[in-house]
Amino acid sequence: MTKGLRAAGITISFGGIDVVAGVDIKLRSGEIHALVGENGAGKSSLAKAIAGVYRPRLGSLELNGVGVKFRNPREALDAGVALIHQEPITFPDLSVAENIFAGHHLRCGPFVRWSATLARSRELLESLGVALDPASPVAGLSVAARQQVELASALSHDATVWIFDETTAPLTPKEVAELFTVMRRLRDQGCALLIVTHHLQEVFAIADRITVLRDGKKVAEKTVAESNEDEIVRLMVGRELSLERHEAREAGEELLVTRGLCGPGFRDIDLTVRCGEIVGLAGLVGAGRTELARALFGITRPTAGRMLLEGQEVQVASPRTALRLGISLVPEDRLHEGLLLPQSIAVNSTLAYLARLCNGGWLHQKNIHAETNKYAARFRLACRNTDQAVSELSGGNQQKVVLAKWLMTQPKLLILDEPTRGVDVGAKSEVHRIIRELAQEGMAVLMISSDLPEVLHLSDRIAVMREGRIVAQLNGAEATEEQIMFAATGQQGAALG
Amino acid sequence: MGKREGIAFGFLVLLSGVAGLKEPRLFQPQSIESVLLWMPLITVVAMGQLLVILTGGIDLSIGSILGFSGIGVGLVLKANPHLPLPIVFLAGLAIGLALGAFNAAVIVWGKISPLIVTIGTLAAFRGLTFILSKGDQIDSSMIPDSLTVLAHSGITIAHVTLSWLLILALTIALITFATLGFTTFGRNVFALGSNADAARLRGISSGSVQFAVYAICGALAGLAGVMYASRFGFVNPGSAGSSFELTVIAAVAIGGTKLTGGSGSVLGVLLGCLLLSCINVFLSLLGIDANYQMLTYGLVILIAILTDAAARRGKA
Amino acid sequence: MKDRPIVPAVLLVIGTILASRLSPHFLDIHYLLDTSTLYAETGLMALAMTFVIISGNIDLSVGSNLVLTACLSAKLLAAGWGIPSVVVAACLMGTCFGAINGWLVAKLKLPSFLVTLGTMAIYRGIAQAMLGPASVKLPKAFTGLDQLLWFKIPVPFLIFLFATLVTGLILHRTVFGRWVFSIGTSERASTYSGLPVDRTKIIVFALSGLMCGIGALLIDSRLGVARHDLARGIELDVITVVVVGGAAITGGKGSTLGTVLALFLVMLVRTAMGVANVKAEYQLTVIGGLLILAVLAGNLGQLFNRRSAARR
């Protein structure tokens, strides 16, 4: 019986789909364990299940040889299992010291021991090697500093098992180095650490042991000494080269051109999308792809650079302008941004086109149903009828409704953000068929996807983003998964096209 | 004193300056006393409302709770004119606590927005007040002099009398200050209003914090009912505390309390209460009749939410 | 939108049966029509409040808007304006006061209950500052609209019926109505679908203001005098009617039919209490309780639905 945390046979299900299936993982004290895998491989879900955020459907946890069950994150924390979030969850109005001790104040009866709180906070921050004033407010602190506050809070709970969920993604290289120093210190003090990441460089810089997940299953556990980056990339991707390649298409006129476009989360974007062309936008989560899509669609405003549509310079002030210009976005967060869940298929699919579908502002039920039925048939939508609420549909069918909503508006440019996330295999190939058909008909398609086979399968060209910039543009017919992965993670040997 | 409290302070200085120039009588002890006569009621109720707003909620029913408690205590006094004063105050507190707990129960267990619940009880409690009083006013004959004298006598410092009611109100403000600043409950109030999700992650029970703040807010409004009887010497079931929620919310808002919760201070709210008391007195001193009161409260609330919005924009 | 207002309909039937046992007047159509003139303003404002609440907002300032417009209109008439121009002016003023609320809510992203709490005090405050304790008498030619019958139906009730038809059609049969529901269901998804979210909100609040304007003319005509303390607490009745009518306070749900049924219910309850000699002040308890019970019932119903959905 070793010290640390052992998870056995963990299975986590969302809506009947197992996102993590029967994974065993052992976090030994005095060791940094890296959990790697492609986007959607189930890394974060596993980490959150260990920290009590999700309750696994099957499986058991053992802490220092004793069986445990966490009903919520607070119980995990009380047992010494701390989760450090990518975007730290803090109280912006309260001070650093109070953020550290909120929920378990140092107290004397009903009273907070402020001087002890401040002193103890200072100690905790110092032991992390962090120069933060415990009395300063948290609002206005950088992400890195707020992470440090979260670290100190975990430390105040005497955490012995630390889970870092993609914590390095929003940090600068210098901040990452500082975080690593803290991690090493924790390890040397005998803590067990789990880091969830897809930055392999980091894994090899800090971890002792690596577990690779693919499609919710554990495919390998290696020590850093016995492995190398190439092997891990291959294990993560884990497929033979995709058999299906896209059919070559004639690309038409340039439809969308950006020159030096900058905005929140992305910089210096030079991107061209032609009519009848599918451009894949690959990269890791947090690389700035969604942010770019949101700016192109007018949700946020670019701060610099130019955007041309059919050779005309345009400014997309709002999604409404985008709609008028013929730009549409199928958003990543389908449930909150794409759909009105309690409303019907007919209501949802005609939402953007309604004003044009209904002359004079009167709802024309016949037109609405005719148009909805047309797309339902074309997309082979599985539903009782078009008055069914979209909340009752499967993920794939919901996505078809979102697609129908935008295609009705006959857009020139279709931006898709993770179009097949949470979509079952059958519906996925349907969505792929639809996307291909649209390009064939001459639509310009910009597709953000973390699913590499999907990117390779559909794209004529592939742009890879890292840290807010486009770092590689690859030919869709010649690119390989490894090439994309190398460019996205910033590895040596990336073939920059 | 932070930036947010500064707004109330700035207004206070500005107002005194402008009014003082036009009417030098303003700085005489009498005017200061009449300002201080207004303070206790607003202050006590504002402390409860501050707690509620800090958690990100609102309580519109406070005026009706005040009225109900005033009538209730008046009826108790009518039956037992020689009841010791501490019991009288405790009775008001208890009546308010019961009504506040009703609000709290419906909000927490019924999972209904505080706005709708307290709009409903704003009316319902007022109706109950009429039922309780059978529509009759509690006259000065029913309120013992030992109670009314508290509003006018007290400790005199430099020709200005600080009434016992004011001292009571300031004591409550002090207790609120200590509770908010130095107890785990007080800190949980801030935490809940600052980020409810984070509070949940840290194991802070939002239900019990919410329950407590609405119950306390009711209790303080109940206490204010007794103070109302003391200050005015009568309690009318229709007018006692009517529209008082506007005054109090205006005081809390202009005192720099973040209206979406999580930030605010007792000092700021005290300044806000002082500002509104001054407005009341200055209006009458300047010969502007009481008809401008409602408009002033509205403008104060509007100014407060506009500065709140500007502060949010500045940060974003 | 397929939610049928079953609860208010059932309550209305039960209420009618109970009330008719209390007094046979309740089955007398003339008595009912006569009573209806007292609730025309409440009804008009509730029709618009249905839009406001479905869009996920609330308008606490309706009573104050009504009073301010009523006082201003009375002053204009006293100053010698003609009736047609005052009618137009009242509608414009009400709409304008409503649009100010809408603008603050939409453009400054302030919570609607805070904005309208502020303007509630401001609008009534202006009326009070303007008139003080005085009342403005309205010219004879303007008063008595409630006594005017058209095919034996009082004109205010006809106006209400007409407004019901128009707002019902707008809410349930037009693109704009669809947008109101969409924004209340999910403002974010509506923005992402390119809907004019801000404009819709402003129009919804302006509509609420317009109804206050029309209501102001009705109340002026019925009472013959305008004072700053008219229609106190009317916002409670308006909000209660809309919520009892099945509109979800969180937005996205509600119907004109539900509001109309609930209006009749509240009218019935109030009138029955009046017949039973329950004082107006006492009635507040019942109306306030009704509001809370309606939301409680809605929440419990939702909980039940979710449970049964989970079992499926």
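Every chain is named by a letter (A, B and C) in the order it is written, and numbering of its residues begins at 1.
The definition used in the following text is that a contact is a pair of C-beta atoms (placed from the backbone, for glycine too) under 8 Å apart; a residue touches a chain by one contact, two chains touch by 3 or more.
Quick caveat: nothing in here was measured; it's all calculated off a predicted structure.
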Which pair wins on C-beta contacts, A-C or B-C?
-> B-C
Most distant chain from subunit B, judged by the mean position of its C-alpha atoms = A
Once you find the CA centre of subunit A and the CA centre of subunit B, what distance in Å lies between them?
-> 47
Distance-wise, how many Å sit between the C-alpha centres of subunit A and subunit C, to the nearest whole number?
-> 46
Using mean C-alpha positions as chain centres, tell me how far subunit B is from subunit C in Å, no decimals.
-> 30
Within the complex, which stretch of subunit B touches subunit A?
-> 182-188, 190-191, 193-195, 197-199, 201-204, 258, 262-263, 315
Of all residues in subunit A, which touch subunit B in the complex?
-> 72-74, 77-78, 89-94, 98, 102-105, 107, 110-112, 114, 139-140
Once bound in the complex, which stretches of subunit C touch subunit A?
-> 1-2, 173-178, 181-182, 185-186, 188-196, 252-253
Complex interface listing, subunit B residues touching subunit C = 58, 106, 110-113, 115-117, 119-128, 130-131, 135, 237-238, 243, 246, 249-250, 259-260, 289, 291-299, 301-302, 305-306, 308-309
Contacting residues of subunit C [partner subunit B, same complex] | 58, 60, 108-111, 113-115, 117-126, 128-129, 131-133, 228, 233, 235-236, 239-240, 243, 249-250, 279, 281-289, 291-292, 295-296, 299
